[in-house]
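In order of appearance the chains are A, B, C and D, and numbering begins at 1 in each one.
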Amino acid sequence: MSALLKISNLCKSFGGVTATDNVNLEVEPGELHAIIGPNGAGKTTLISQLSGALPPDSGKITFKGMDITNRPAHARARLGITRSFQITSLVMDMSVLDNVALAVQARQGHSFRFLKPARSIRALRDEALDMLGRVGLEARAEQPTVALSHGEHRQMEIAIALATGADLMLLDEPMAGLGPQESVAMIEFLKGLKGERTILLIEHDMDAVFALADRITVLVYGRIIATGNPDEIRGNDDVRHAYLGEE
Amino acid sequence: MKRLITAALAATMLTAPSFAAEVKIGFVTTLTTGAAVIGNDMQKAVDLAIEHMGGKMGDLDVNLIYADDGFKPETGKQATDKLVKQDNVDFVTGFIWSHVLLASRKSVLDAGKFLISTNAGPSPVAGKLCHKNFFSTSWQNDQTPMAMGEVLNQQGVKSLYIMAPNYAAGKNMVAGVERTFKGEILGRDLTKWGADAQLDFSAELAKAKASGAEGLFVFYPGKAGGAFIKQYQQAGLRDTMPLYTVFTVDGLSIPKLQAANFEAVLGSRTTGHWAPSMDNPQNNRFVADFKAKHGTYPSNYAAQSYDAMFLIKSAVEAVGGDLSDMDAMRAALKAANYESVRGPYTYGNNHMPVQNFYLQEIVKDADGIWYKKNVATVYENHVDPYASECSMN
Amino acid sequence: MKRTTWATILFMLALAILPPVFMWTGNAFYVDLATRLVILAIAAVSLNLILGFGGMVSFGHAAYIGIGAYAVGIPVYYETYGGADAIASYGGAFHILVAVGVSALFALLTGAICLRTKGVYFIMITMAFGQMIYYLFISIEEYGADDGLVIDTRSELPLVSLDDPLQLYAIAYVALVIAMLMVRTIVNSRFGMVLQGARGNNERLVTLGYNTYLYRLTAYVISGAMCGFAGALLGNFTTFISPDMMGWSRSGELMFMVILGGSATMLGPVLGSAVFILMEEILSSITIYWHLPFGLMLMGVVLFARGGLMGLIKGKGDK
Amino acid sequence: MPPAKSAKITGNIHLDYTLLFIQMLNGVQLGLLLFLVASGLTLVFGILDFVNLAHGSIYMIGAFIGASLTFITGNFLLAVLIALPITGLVGFLIERLVARTLYTRNHLDHVLGTFGLILVLDTSAHLIWGPEGIAVPLPAWLDGRVELFEGVVVPTFRLLIIGTGLAVAAGLYWLVNFTKLGMLIRAGASNRTMVSALGIDISTLFALVFALGAMLAGLAGMLISPITEASISMGGEIIITAFVVIIVGGIGSMKGAFIAAIVIGLIDTLGRSFLDDMFQLFMSPQAAETSAPAVSAMLIYIIMAVILAFRPQGLFPPKVR
């Protein structure tokens, strides 16, 4: 079975600081692949290059067998890559429902449609409500986004990622800033998603990572020092030395 | 909210047309921006004229309404519209700027009122667009620089460098001097004009100097004039390249230049139809009282505005205060039968003055104050070059 | 119904009723005032589409007013004085076609460049393009340069005569209502949702797969074309055009009308133009130093009345 | 009557190197003057993240204060020395009364608020000093000319402007590169947390930066007024060009402002001087003479548009904010 996402020899540096150092990685369809590493390991930089927000210096990114290295962000999204942001990135001055509906609308094709009021289109509305339902936010649908709590914002990010119908979800620390109970709920929710979507997860919460991941990649100073299933990673000396040992 | 706006509208509507025995005159000029210096001088002269008339034209009281054109044609037209439609004036006068006049003339003339320009004289209103109800107390734009071209010929200037702002009147002035000047033109710079007009002329002065021309002709009205004169002095061109100007060194810039002691302006030459030095009873009274009241010599803008009031007075008196008799008033205006500060003149077929133009020099008066003095007559009873394009007789 | 909806209906009704009343009571000047108000309101409504709903702060919008007005002035000039037979015309349909078409084209070309920039850079580059057009017309002597161009004849339209002040007003009023409805339809459509989403968080929308650049450019072109139409009306109203009408401070005034009334609202730009023009008229008739209180009012609105006048009407509890 | 004969320019001016040199000197002088205005603008933007359209009005007020003091003290240089702190105080007051309320707002509010401030300041100047403007006299030793070398004679005062401009540029270079304040500027941040981390009272710092910007603008106004004059419309004449300078240079970058100011000063001056000669190489003299002033008036805007089309953050964008 061929990989859904294939990263070959990817490099990126910022004025002398190497953020991504010759990274090679494959993500199989349906797996939940976690990337861990200490702060400044270049995890978010890597995600940004995958989503198209940052251009790599060299290397190649292949998605569904297509070379997408030079495609703009919006084109990658159309092919089925979506990301959530480490720092909540929502349209704060729109309602919760509108935020999700925009994601549904994006999946349904181009939106150069000027006449029909978007909020009266049932197909959009129902599906957006459905997605909100999956993350338990349907009661908040008509609220302005800015009025929601941080935890709810994280849930919205997931609902939006789901709504895009993307095959590959790049999740950047979905647990960041959540309370213990919210974290447990999020872990359960992500477990439920396994198999349905392919997920590339960046996370600091080790409990979550080891509970969820099919495979784990360890990134230190932009370089991959190990890839394997959770047991392999636990037993890896390099990882313990370079990363886990530090904590 | 709506009530508020209706109330605001009602508040501005208080000026209902009145039917008192008065003559209503709207005066459009520039009262804001830096160009207000011209408008203020006009206003002073008009107020003085009304004072000299004792506030009356014949038996009618004078009701004068000043309106600001903000140095913009569009604003000027709005102000004119308001004078015509809301204030229902009998005469609209004033107008410093050609573009304001051109934009506003239709509003006045279509309403069947008299329009009297006290300064602006663009070629169309003297030619193709001449109108039976339009009169001027100034000149057509081309005439003053044409007189200067003639002066240059008389003085044996063989080559000339020209500088003017890049706008219609600037180009008219350049065309005017080139129409009569017979020597060579070694260079011509049209500089940026408008809201962010160019006022640093170092580059152009360097070019002028490099050209080796025998004379420098410039037209820089308003504050650009003062700026130019100073840089001309600073560049040290006074001895090598004498300066010939029109509407650049005037009654408004001279006091400022004297305060800052820019002596380069002394002895510089210009042309014009009027100077404070002219000796006739009307002018003597005008200049003396103006000086007594405001401390400076009046500018030509003031003189033309002062004349306009007396021109209107002559028409009002000719019809015995019956302002509905347009034909008789028009005939009276055309006769120019009033005491002008420039001395007697007549009106051509296009209702532009047919008048003398003089060579003028900036000199010190008896008290050491700098002013403009006539030194020779360049043209006698000069008819502007566009009169033949006007279809009126 | 919401208070803002009521305010919109009442205000638009007042605009429909008052001018004829002014005319019949012999206050023709106030019909002029209302006409100018309504025409500038169309321009402000068009600016609101990109500034209010799209978050694109265009500081060069007055350029389109100029383009629209010259689109009337130039064909009329050639028809009257001869020359350039291809574009010489008194026909209103032709004028409007040129006004809208050229404005759209100018918006497309400049928008394609401007929208590559963000923030202050966008504000300033839109201004730069406005200034370019300003200087371009200042230097075309054929069309009067900075003296401007007098429009000798108004556009000829079937059934109506623009020479009649009330008919001209009626046309402008109907155009305003249509413009408001158009903007309302656009911002509520799927396109409009993307536009507003990109205003709030562009990166998010891009990640969702939207090429927001294209959406913004489209809105920019629609807005420019609509403003060009307002320019054609203004040319017919003033029967005069000068480059002055497109200087940067005029663009600033348009921006201010939108903010004063309340950006991203239906009535806001109209209300803003109305208050702006009335204040200008009232203050300038009181003192020649009217720019001073006017400037203070401007600052006061920006400093203390966030959300503009519509924010006040909306009140606290009413969304 | 036929229209005026189409005039022919006979004596063609060939490009001579003396003229070119003088024009370049003029261009540098204009550029340095622009830099004085633009540096204050970019300083305020870089540290305070504040767009100040009224910066030109401060330039105007500085010129008027300097001009009035020249007549009171009878000495131009003394007047400048007294006028500078007063202009700084004006800037300080504007910051306290208006600008600080706007810091937390978006750029649109900055633009509109300071647009209103322009009307207030310009009209106040009209009320205080009248519409006519003030011509500023120079002491005799500054009013003369200097022969730099054979055939190159330039007004002394213009050399003074160049000297002052370079000195201020050097001072700002030191400020930006060797002081704590400069560190903030180079960090390119309106990053309040960082400022407070350095243990500086932000509120005072911001007011001082604003006052410094005002003084720089005021200095430029005082230096130009003996050449042109102090007038109520001078602010509007320079502000847009100053904005073009900082946009082209990269907002917040002092180096960018300096380079862009000199480049724009040179292009503007050389464009005015030589564009029509250049155009004559490929069009008729008449066409060249009409199109050259138009193009040179549009030139800086064209340059700005081209630069932003390729570098949307200007030539020297400060670090990512």
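In this text, a contact is a pair of C-beta atoms (placed from the backbone, for glycine too) under 8 Å apart; a residue touches a chain by one contact, two chains touch by 3 or more.
Source: prediction; values computed, not measured.
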| item | value |
| --- | --- |
| Path length in the contact graph (subunit A to subunit B, fewest steps) | 2 |
| Mean-CA-position distance for subunit C and subunit B (Å) | 36 |
| Cα-centroid distance, subunit C relative to subunit D, in whole angstrom | 32 |
| Where subunit A and subunit C are represented by their mean Cα positions, the distance between them in whole Å | 43 |
| Mean-CA-position distance for subunit D and subunit A (Å) | 48 |
| Where subunit D touches two or more other chains at once, by residue number | 126, 236, 240, 293-294, 297 |
| Where subunit B touches two or more other chains, by residue | 32, 36, 166, 195 |
| Contacts with two or more other chains, residues of subunit C listed in rising order | 138-139, 141, 249, 289, 291 |
| Chains touching one another, given as label pairs in label order | A-C, B-C, B-D, C-D |
| Parts of subunit B lying in touch with subunit D, wherever the complex brings them together | 32-37, 40, 142, 159, 166, 174-176, 178-179, 184-192, 195-200, 202-204, 206-207, 210-213, 223, 226-227, 230-231, 233-236, 252, 256-257, 259-262, 385-389 |
| Touching residues (chain side subunit C, partner subunit D) in the complex | 51, 57, 59, 113, 116-121, 123-125, 127-129, 131-132, 135-136, 138-141, 248-249, 252, 255-256, 259, 289, 291-292, 294-299, 302-303 |
| Subunit C residues touching subunit B - in the complex, by the definition given at the top | 7, 10-11, 14, 18, 26-30, 32, 36, 138-139, 141, 144-148, 150, 238-240, 242-245, 247, 249, 271, 274-275, 278, 281-282, 284-285, 288-289, 291, 309, 313 |
| Residues of subunit A that touch subunit C when the two form their complex | 51, 53, 72-75, 77-78, 82-83, 85, 89-94, 98-99, 101-103, 105-107, 111-119, 121, 124, 160, 164 |
| Contact set on subunit B toward subunit C in their complex | 1-2, 5-6, 8-9, 11-13, 17, 31-32, 36, 68, 72-74, 77-78, 81-82, 85-86, 98-99, 102-103, 106, 122, 166-169, 171, 193-195 |
